[in-house]
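Given below, in the form of structure tokens, are the structures.
The same chain A turns up in both complexes below, where it pairs with chain B and then with chain C.
Let's look at the complex of A and B:
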């Protein structure tokens, strides 16, 4: 069965009223990286996932989940 | 500099790098085509040596992402995780293109005589320009 990585990054970012650029600045990556993660084009490393979670103040599992 | 300004500057620099790499790839291919079959460009000397310098220079730039004049945060943003992934994909594409160009030259020698210098220039130009084009495309 093919599994897909789903993410709620856009929703969580919007809840905190952060722009992609602001989140990118907090995490220390380019805006394009945030955009591609949100769109599911780029699957981030564990390190980046943890940095995103820290920036958003939530656990990694709140951002990423496996989708069948 | 505000956070948005830093991010925007990095984005502009990234696009600028993509444009430069695409132009370099085109110039490499054009040079290889122009110099094909001309003995002046493969005989020992400055003209033939310039190919080594050009290939070496662009290999170096591709390997480290360029922007060496940039420091600290800006350079980190320019070479973040996504950019490194894009570079890895670009280098992989360049590697396979080099192999394909090598096989094409090998097959071509069954019918026509090809000088070793011309063959090497074709293979290096094909591989490197593919890597530069793919990187430019992914980074745009």
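Let's look at the complex of A and C:
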């Protein structure tokens, strides 16, 4: 069964009025990494996923979900 | 207005994304010196060419492995070597490995028809692997920046 990781990072970031660069700064990664996660090109590690959740003030499950 | 570490890292990362492939192409095209150079060249000139190639190859490997900003602060270097970059580098290494194996197999096949000296073989394999890895890394980094 092919599963894909869906993410709502772009939506959640926009809701908080954060640019990619601002979120990157809060998380401590490059803007490029935020960009690749939003585009589904890069699947972040658990550590980075947790840091993103903390920066956005929501649980990890609100950002990432499995897409069948 | 001074640039923040994040802005500096972003600028350097973008520069690296196009610079590394350019260096890879220059490295590849520079090999014409070895392939087309005069066969009557003196031994000292030959040694100079070998040393030059080794230095060039080692520098490119260093740039690929370290991210290419050795004199920047630890924070900027960390941003230039974050998760996405490390994944791109891992994929570039893997691609370089397959190029090295493919090139080595091609040379092995060629030895059935023609003589290929060990040093020439190593030169071709290493050149192809490094250039392939650099191009792959640059393309992945370029795409990561572009799709924003």
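As a convention for this text, the second predicted complex is superposed on the first by the 68 of 68 C-alpha atoms of A that agree within 3 Å, B and C clash if a C-alpha of one lies under 4 Å from a C-alpha of the other, contacts with A are read in each partner's own complex, and residues count from 1 in each chain.
Assume a residue touches a chain if its C-beta (ideal position, glycine included) is under 8 Å from a C-beta of that chain, and two chains touch if they have at least 3 such contacts.
All values reported here derive from a predicted model rather than from experimental measurement.
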Practice item. Please work out whether A:14 is in contact with chain B alone, chain C alone, both, or neither, and reply first, second, both or neither. Key: neither
Exercise for review: Look at A:65 in the shared chain and tell me whether it touches chain B only, chain C only, both, or neither; answer first, second, both or neither.
Suggested key: neither
Practice item. Return first, second, both or neither, reflecting whether A:29 touches chain B, chain C, both chains, or no partner chain. Key: both
Point to revise | Touching partner for A:39 - first (chain B), second (chain C), both, neither | key: second
Check your understanding: Touch check for A:48: first (chain B), second (chain C), both, or neither?
Key -> both
Exercise for review: Return the residues of chain A at which the contacts from chain B and from chain C coincide.
Suggested key: 21, 24-25, 28-33, 36, 42, 44-45, 48
Practice item. Can you check the complex and tell me which residues of chain C touch chain A? Key: 4, 6-7, 9-10, 13, 79-80, 82-85, 87, 141, 143-145, 147-148
Study note, to complete from the structure: Interface with chain A, chain B side, in the complex: residues 3-4, 6-8, 10-11, 14, 73, 76-78, 80-83, 85
Point to revise | In the complex, chain A residues that touch chain B | key: 19, 21-22, 24-25, 28-33, 36, 42, 44-45, 48
Revision key, fill the gap. Residue set of chain A touching chain C in the complex reads 20-21, 24-25, 28-33, 35-37, 39, 41-42, 44-45, 48
